[in-house]
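Per-chain residue numbering starts at 1, and chain names A, B, C, D and E are given in the order in which the chains are listed.
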Amino acid sequence: MNLLEIIFYALSVFALVCAIMVLVSKNPIHSVLWLILVFFAISGHYILLNAQFLAIVNIIVYAGAIMVLFLFVIMLMNVKKDSEPQKQLFVKFIGVIAGGSFLTLLISLVKQSIPLVGKTVLLKEGSIGLINPLGKALFTDYVVPFEISSVLFLSAMVGAVLIGKK
Amino acid sequence: MILVSFLFVPILAALLLLLIKDKKNAQWTAIIFSGITLVLACQMLCTNMVDFDKSWLPNLNSRFTLHADGLSKILILLTAISFPAIFIATAKNNFKQSNIFLSLMLFTQAGLMGVFMAGDALLFYFFWELALIPVYFLCSIWGGEKRIAITFKFFIYTFLGSLLMLVGILFLNAHTADHSFSMQSFLHANLTNGQQATGFVLFFIAFAIKMPLFPFHTWQPDTYEQSPTAVTMVMSAVMVKMGLYGILRWLLPLFPVAFMVHTHFMVVLSVIGILYASFIAIRQDDMKRFIAYSSIAHIGLMNAAIFTHTQIAIQGALIQLFSHGLNVLGLWIVADIIEQQTGTRSLQQMGGLAKKQPTLAILLVGFALANIAMPLTNAFVGEFLMFNGLFLLNPWMAAFAGVSVVLAAIYTLNMVQKVAYGEVSEKINTMQAPYKGAQAVLIVLLILVFATGVYPQPLFTLTADTLQQLFVK
Amino acid sequence: MNAIIVSTLLGVIMMFCSWGIKSNQVQKNIALIGLLILIVANVAQLNGWLVINYDTKGMLKFNQFGLYTNTLLFALTFIYVWINGEEISKLSNTPADFYSLFFFILCGVSVLTSFDNLLMLFIGIEILSIPLYILTGADKKNMFSNEAALKYFLMGSFSTGILLLGITFIYGATGTFLMADPVVNKVTGMAQEQVMLSAGLILLFAAMNFKVSAAPFHFWTPDVYDGAPTVFTSFMATIAKAAAFVAFINVFGSQYKALAYSWTILLTFVILATLLVGNIIAVFQRSVKRMLAYSSIAQAGFMLFALYGKTDITNEAILLYAVVYSIATIGIFAVLIKMKENSFESFNGLSKAHPLLAFVTTVFLFSLAGIPLTGGFFAKYYMLSALVKAGAGLWLVMVAVVFAAISIYYYFKIVQAMYFATGESALGALPKNYAYKLLALAILLLVLGVFPNLLLNYLYF
Amino acid sequence: MSIQYYIFFCLTLFSIGVVGVLTRRNAIIVFMCIELMLNAVNLLLVAFSKMYNGMSMQNGAVSMAGIDAQIFVFFIMVVAAAEVSIGLAIIVMMYRNTHSIDVNFLNRLKN
Amino acid sequence: MGIMKILIAFILLWPLAGFLFNGLGRNYWSKKVIAYKATGYIVASFIASIFAFMYVQDHGAVTVHYFDFINAASIKIPFDFKVDALSALFLLVITGVGSLIHLYSSAYMKEEAAPHYARYFSYLNLFIFSMLVLVLGDNYVVMFIGWEGVGLCSYLLIGYWFTNGNYNYAAKKAFIMNRIGDLGFLLAIFWIIVKLGSVNYSEVLTADSLAKLSSADITGITLLLFVGAMGKSAQIPLFTWLPDAMAGPTPVSALIHAATMVTAGIYMITRSNLLFSHSELTQHVIAIIGISTALLAATIAIKQNDIKKVLAYSTVSQLGYMFLGLGVGAYSGAVFHVITHAFFKALLFLGAGSVIHAMHHEQDIRKMGGLKSKLPITHITFLIGCIAIAGVPPFSGFFSKDEILAAAFAKSPIYWVLGVIGAAMTAFYMFRLYTTTFLGKFRGTADQENHLHESPLAMTLPLILLAIASALAGAIGIPEIMGGHHWLSHQLIPIVGEPIELGLSHSLEWTLIAVSVGIALVALLWAIAIYKKKTDEAPNTVVGNFFYHKWRIDELYNEAIVYPLNRFAGFLKNTIEKHVIDGAVNGAGKLIQYSARKVRLTQNGQVGYYILFMVTGIIVLFLLWFNDVPIFIFFNKLTQN
C-alpha cells in the first residue's frame, strides 16, 4: 500500500464519516458545516486525481458560495435545532433499507462488470485536469453547451427575481 | 355515387337541422330528407354499379371505399325505411330542442349507412363509432330517469367491444401483404390457425356486445327501457343488425377456419341465450324490457343460424335481418303510442286496448304474430330457413332452439293478453285514437310484413349474391 | 440552431419588456409576434437557411423530425399564449417575465429535440425544468402553489441526481457522451460486459420516466399539476411534456438495444404501471384539475408505446399524439380556467349556459378519450399500430384498449355534467372571442380526426 | 488505484445522499443531501475521466481522452449553482408563507 | 288444368275475401250485410268445392302451381295446391259444414254489436281459408301454413269475448299446446327436407323416397308428425286445451273444435300414410295413445255437467277413436269417422247452442230438463245426433265406428275390447246428457222458463240438414258384408291404397258387431233409466270425484310444468340476470372504483414517500432486468406471443 492509496482511503473514510454526520446532525448549521468538510474531502480527491481546476472550483463554488448561501438561508430563517420534528423511526428504517439496497444492488452490478476488472485510475499524473487544456476544450469543442448554459442562468435569474420579489 | 349520397344526405340534413329551431319545420326537414334517402335506397335496388373508392389516408393505406352487395343493400333498405317511419311515428312526442334530437338521429343514420357500406376496415370502424356516439347523447339527454348511468354503461360496454375490434383490425392490418385495410387484402392475409382464433375473438366480442348475444346482453334491456322510444326503435330495428352484419361481412369471410372451429360452441351459446331470454321475457312486466328480451331471443337465433354455416340458415338470417327490423319497429311504435298516451309501460296496468282502441289492438296483434313467426308473416320465412339450417347442423340443437317457438308464443301472447284483452283498465281508458301518421306507418309496416311473408322471393333474389360469395370459396 | 438562438434572444427581449412596456396586452402581443418569428426562423432552418452556420462539434444534430417537432411545439405555444394571455397577466404585474421564461423553455425544447450528446441532454432538461419550477411557484401567495413548487423542485433535483448517475455509468462503460457515436457499438458481446452500460441506461430510463411522469416515477405529477396555477399546468402538461417525450425517444430510440431483450420488459412494466395508476386513480377524482393530472399520466402511458420499438411510424405516432393531446389539453384547461372552481359540479348545465363552450369541451374530451372523428382517435390508433408493428404482444394492446375504455369513464363525467346534469354552471366571465378561439381548436381537432395526414405529410417533404 | 474502489466509494456517498433525502424532513437538509449526491457523481466522473485518460496514455502519446468528463463535471457544478439559487428562493418563499421548512408539513396536495 | 287453377283460387279466395271485407269494413256495414257476405262467400266456396270434387271424380287428382313461396339456397317450396279424393272430401265437409255453421251463427250471434259481429265472421272466414289451405296444400309447408293458421283462428275465436280473462287464458292455452305440437310437425318437416330435399307430397310420399330413408328416419319423422297431430287433434298429453276451448261461441266449438280443425291431425296422418305404414312402432304408439285418449276422455265426460264440456270430452274421445283407426291401419275408416263425426258432432254442438240460446247462456245441464216439448226441432235433431254417436245402426256413427273396431280386432283383440268399452261409455254419457237435458222436468228459474223458445229458422235449418246427414252419411261406407260396396274406401284407394284384408270370417264380424251394438244399447238404456229421475249432484265416490275433476290433469300440468317453469323464469330474471350476469358487468365497474380508492393512497402527499417509491421503482427496474427474477420469466412469457 503506497502513500497515494493511504491518502485515498483516508480521504474516503473522512468523507463518508462527514457525510453521515450531515445526516445525523440535529442542528442544520452543523449539517452545513459537515457538508463543507465533505466537499473539502472531495476536493482532496480531485487533487489526488490531478484535477486541479475542479478541486479549486469545488472549493470556491461549492464550499464557498453555495454552502454560504445555505448558511445564510438557515440563519435567515433562524431554524433552531429542535424546530425540525423528527421522522418516525420506522420511516427512517425504511429509508435506510431502501438506500442500502440501492447501494447493494449497484455494487453487485459493478462487481459483475467484467470490463472494469483491472482498470485503474491514473493518480497524480495526466494533464487533463489542469486549467490550460480544460479551458481550451471548453472554448473550442464545448462552446455550444457553454453558451447555452447561459440560458440556464438567465432563466434562473429571472426566476429568482420573480419568486424573490414581494 | 349513390352510396355516398346515403352518407351525404343525412349529414346534410343533420347540419341543416342545427339551424332550424322551429319544431314543425325541423320535423318536416327530417322527414323529407330521410324520405329522399328512402327513395334513393329504392333506386339503388334497381342499379348494379354501386361501388365508390377514393383515397383517404395514404400514410395508413386506408381508402374511402364503399361497397354494396345484397347484404348491404337489404340493410340499407331497412335503415332507409326505418328512419322516415320513426320520424313520422314519433312526430307527436314531446322533445325539448327537437331539432337537435332529429339532427343526432340523422347522424346516427349516416353512421349506420356507413357501417353497412364500408369496404375498408378502418372506415368501417369509423362509422361503427359514428353510429354509437349520437345515440349516447340521444339516450342521455332525452331518456328516462336513470338514463345517465344506464346509457353510460351501455356506451362504455359497447365502446370497449369496438376497441377490441380495433385491435383486431390492427392485428389483421399487420398481417396483410400491403398493410392496407381493404376487404380484399384482409381476405388474402395468410393467417395461421392460432392467428385466426385471435382475430376471431377480437372481432367477435365487439359484434356479440352489439347484437347483443347472451351473456353480453345486460346493457340492452336497461338501455331500451331508458332511451326515448325513437332511439330505442333505431337501436333495436337497425343497430343490433350491425353485429350480425359484422359477422357476415367480416368475421365469416376473414376467419373461416376459426369460424368453423367455433361453430358448435357458438350455436350452443346462442341457443342457451335464446332460451334464457325467452324465459326472462315471460316474466317481464315492463313493455320495453319485454320487447328487449324478445329481441335478444330473436337475435340469438339469427346468430345461431349464421354460425351453422349452412346455406339455408344463412339465407334465412339474411332476410330475417330485414324482417326482424320491420317487426320490432312495429312493436315499438305500438308500445310508444301506448306509453305516450297512458304514461305507463307496466303490463299490469294495461288491459282492454281491444275494446278501447280496436285498430291499435289489431295492429299490435299483427306485429305480435310476426313476432312469433306465424306463417305468412315475414318472420316465418326467415325462421323456417334458420331452424332448418340448425337441424341440418344438429337435430337436437334445432329441437332445443325450437322450444323458443313455444316460449315465444307464451310470452308474446301473455303480452297481447295483458295489453289488449281483459277489462279496460284505468290507464288504457284515457287513451285517444292514435295519431294518424303513426297509424299510417304501422299499417304500411304491417302490409310489408305480410307482403314479404307471402312472397319473400324478391328478398331472396336481392341477397343471392352475398350467399354465393359466402359459399363459393 | 436558429430556434435556440432566436428563442434566447427573444427571452432576453421579453425580460426587458417588463421594464419598458407596462401594458399586458402589448406584452402578450410582443410575445405572440416573437413566437411567430421563432416559428419562421425554425421553418427557415427546415428549408436550409441558418442564422449562424456553426459546427456544434457533435453536440447538436438537426434533423427533419426534430425541427418539425420544434415547429409544432412553437405553434402550440403560440396557441397557448394566444388563448391564455389574459390569464397569465393575472398572475403577476410583469407577465413579460413569464413570457421570457417561456422563451427560455422553448430554447430548452429546441435543445431537447436536437441534442446529440448526453451533456446537451442534461443541459436541455435543466433549461426545461428550472423555469418550470418557477412557473409552478408563480402564485406566490398561494400555499398550494408553494407546496407544488417545493415538491417539484426537490423531486426534480433528485431525479437530476439519478440522471447524472446514469450518464456517469454510461460514460464509465463507453468513455463517451456522444450519441452520434453509438455507445452500443463500443460494448459488445456478453450480457455481463454490458452490465455497466445497462445499469446506466436503466438509471437514465428512470430519470426520463420521471420527466414524462410515467409510473412509478409519476408521484410529482398530480400534486404539481394540481398546485400550480392552472395556466401553467396547461403548459407543463403539453409543451414541456411533449418535449420531454421527444428527448426520451431521441435517447432510447437508438440506444435501447444495449438492453436488448430486457428493454421490452422494463418498458412493459412501466407502461402497465402508468396506465394502471393514471387511469385508475383518475376514476376516483373529484377535482377536474387533478383528474386531468392523472389523465396526463395515463396519456403518458400511451405515448410510451412509441418507445417500444422504432418503426417507420413511430415518429408519426409520437408527433401526432403530442400535438393532438396538447391541443385538447390546452383547450380543456382553457375552459377549466374560466370555471370558478375545479369540481366536476362546476360544469353542471354548461350546455345551457354556454352551448358553444360545452360543445368544444366535448370535442376536447372526446379527443382525449380517443373517440373517432377527433384527432385523439388517430393519435391512439398510431400508437397502437406502432406497438403492433414493433412486434409487441397483442395482450399489451388489449390491456391498453381496456384502459382506454376506462378512461372514457372519467372524461365523460364532464360530458355528463355539462349535458345531462341540472344546475347552474360555475362559469366565470369570458373574454371576447374566447369561445371562438377554442372553437378553432376544436375544429382543428376534428379536421385532424378525419385527415391526420395534414399534419404528418410534412414529416417527409 | 483500481477504478472499482472509486466506484464503491462514490456509490456509497451517493447512497448516503439518497438515505438523507429519504430520512430527513428539513427541506434544506434534503436539498443538501441532493447536493451530496451530485458531488458523488462528480467525483465518479472525474475518476472515469482519469481511467480513460490512463488507458489512452498507456498507448503512448499524451492524450486528452477523458477531458469531456471533467468538462461535464464543470457543467454540473454550474447547473447546481443555478439550481441552488432557485431552490433556496423557493424554500424561502415557502418559509415566508408557512413559517416552516418541514417537507411533511406540505401534504395538502394528495390523493 | 287452367280451369282448376281458377277454381282452386276461387275456393281459397272467397273466404279470404270474406275475412278482409268483414275485418276492414267492420265499422261500416250492417249486421245483415255482414252475415250475408260471410255466409255467401262460404257457400260460394262450397259450390266451387262441389265442382272441384266432380272434376276430381272425372279426371283424378290435380295439382296447380301459383308461385314459389321459398326458392333459395337449394330448397324450393312452391305454393302448390292439390285436389285429390282425400282433399276433395275434406273440402266438401269443411265448406259444407262451414256454410251451415255460418248460417247458424248469423242468428246465434245476433246479440253482438255490429263491429264485433263482423269480427266474429271475419275470424270464421279466415278459419275456413286456413283450413282450406291446410287440406289443399301440396306440400308439408303449405299444410303447415294452414296448420298454424287454424291454430291462430282457434285462438282468436276462443278468446272472442276478450274482456273475459278466463276465456283469454283458455285461448292462450289452446294456442300454446298447439304450438308444442307444431314444433314437432316443424321438426318433422326439417327432417324430411334434410333427408329428401323436398317437401312436396309427390316427391316425399313415393317408394323412391322410402328407399332413401332408414327405418329410424321413418320412425322419427312419423313420431314427430304424430306429435303435431297430438297437439292439433287433442290427444294425450296435449288434450287439455280442447275442453277449455269451449269458452268460445258455440258455433265455433261446432266448426273448429268438433268438425274440422281437430281432425287436421287425422288428415295429415292419412295423407302421409305411406310413411306411417312403414313404422310399426309409430303405429302402435298412435293406436295406444288413441285408445287411451278415447277412454280417458270418456270417463271424464261421464261426470261433467256442463253441456259443452260433455260434448268437448266426447270430441276428444271420438278423436281418440280415429287415431285408434289410424294406428291399426284403417285409414279410410278413420276418414269415414271424421266425416260422420263432423256431421253428428256439429249437430250436437249446434243443438247445444240452440239449448243455450234458449236458456239464456245457461250451460249447466242440471238446471235444464224437460226441454223436449219447448224445443221440438232441437230435441229431435239432438236425439238423432246422440243415436248416431252412440253407434246405433243404421245411423252413420255405427258404420264408421264399426269399421274402426273391426280393424282394431284384426290388429289385436285388446284394442277391440277397449274400443267397445269406450263405445259403451260414449252411449252412456251421451244419453245421460240427452236425458238430463231434454227429459224430465224443467229445473231452471221461472224467468228462464218463460223465455224458452225454439230457435229461429237460421238456426234450426242447419240442425235439420245436419241431422239428415248424420242419419244417412253411413251410406257412403256401408261395408261389403252388409251388402254395400264401401264407396268411401274405393274413393280413397289412390291415397291409402287398397283396403287391408282383415282376414276375419263373416260370422266373426257379425258377432263383433252384435256385441258392440248390444253393449252400447245396454249402456244407452241404462243411462236413460238412471237420469230420467235424478241428476248428477256433486260426486261423492273417490273415483267419481276423480273423473269429475278431469283426472286432475290440469292441476298436474300446473304443478309439474307451468309453476316450475314460471319459477325457473323468475329465478333467471331475478337471480341470474340481475346478480350473476349484470352483477359481473357492474362488478367490473365496482372493482375499478374500489381499486381507485386503494391505489390513490400511494399518493399521500409526502415528498419523502414519493422519493421512497421512486427509489423502490428503480430497484424494481433493476430486479426486472436481472434474468433470474421470477417476474421476469412471467413477463417474458407474456411478451413472447
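In this section, a residue touches a chain if its C-beta (ideal position, glycine included) is under 8 Å from a C-beta of that chain, and two chains touch if they have at least 3 such contacts.
Since the model is a prediction, treat every value here as computed from it, not as a measurement.
Colleague: Shared touching chains for chain A and chain D?
Modeller: Both-contact set = C, E.
Colleague: Please identify the chain lying most centrally, where each chain is represented by the average of its Cα atoms.
Modeller: Central by C-alpha mean position: chain B.
Colleague: By count of C-beta pairs in contact, what is the leading chain pair?
Modeller: More C-beta pairs are in contact between A-D than between any other chains.
Colleague: Can you give the whole-Å distance between the Cα centres of chain A and chain B?
Modeller: Centre-to-centre distance between chain A and chain B: 71 Å.
Colleague: If you average the CA atoms of chain C and of chain E, how many Å lie between those two points?
Modeller: 77
Colleague: Centroid from C-alpha atoms only, then distance chain B to chain D, rounded to Å. What do you get?
Modeller: 66
Colleague: Can you compute the centre-to-centre distance for chain B and chain E, using the mean CA position of each chain? Integer Å is fine.
Modeller: 36
Colleague: Of all residues in chain E, which are in touch with two or more distinct other chains?
Modeller: Where chain E meets two or more other chains at a single residue, that happens at 600, 603, 605, 607-608, 611-612, 615-616, 618, 622.
Colleague: Return the residues of chain C touching two or more other chains; collapse runs of consecutive numbers into ranges.
Modeller: Residues 119, 123, 126, 130, 133-134, 137, 140, 150-151, 154, 158, 172, 199, 222-223, 281, 284, 394, 409.
Colleague: Which of line, ring, star, complete or other matches the graph of chains that touch?
Modeller: Graph shape, chains as nodes and touching pairs as edges: none of the named types, so other.
Colleague: How do the chains pair up in terms of touching? List each pair.
Modeller: By the stated definition, chains touch in these pairs: A-C, A-D, A-E, B-C, B-E, C-D, C-E, D-E.
Colleague: Residues of chain E touching chain C in their complex?
Modeller: 592-593, 595-597, 599-600, 602-603, 605, 607, 609-611, 613-614, 616-618, 620-622, 624-625, 627, 632, 635-636, 638-641
Colleague: Taking the touch rule as given, give the residues of chain A at its contact with chain C in the complex, in rising order.
Modeller: Interface residues on the chain A side: 106, 109-110, 112-116, 140-145, 148-152, 154-156, 158-159, 161-163.
Colleague: Show me the residue ranges of chain C that touch chain B in the complex, using the header's touch definition.
Modeller: 313, 316, 366, 371-373, 377, 381, 384-385, 388-389, 394, 397-398, 401-402, 404-405, 408-409, 412, 416, 419-421, 451-453, 456-457
Colleague: Which residues of chain A touch chain D in their complex?
Modeller: Spelled out, the residues of chain A in touch with chain D are 4-5, 8, 12, 15-16, 19-20, 22-23, 28, 31-32, 35, 38-39, 42, 45-46, 49-51, 53-54, 57-58, 61-62, 65-66, 69-70, 73-74, 76-77, 79, 84-87, 91-92, 94-96, 98-100, 102-103, 106-107, 110-111, 116, 118-123, 125-129, 133-134, 137-138, 141-142, 145, 149, 152-153, 156, 159-160, 163-164.
Colleague: Under the definition above, what is the set of chain C residues touching chain D in their complex?
Modeller: Within the complex, chain C touches chain D at residues 119, 122-123, 126, 130, 133-134, 137, 140-141, 143-144, 146-151, 153-154, 157-158, 160-161, 164-165, 167-168, 171-172, 175-177, 222-223, 226-227, 281, 284.
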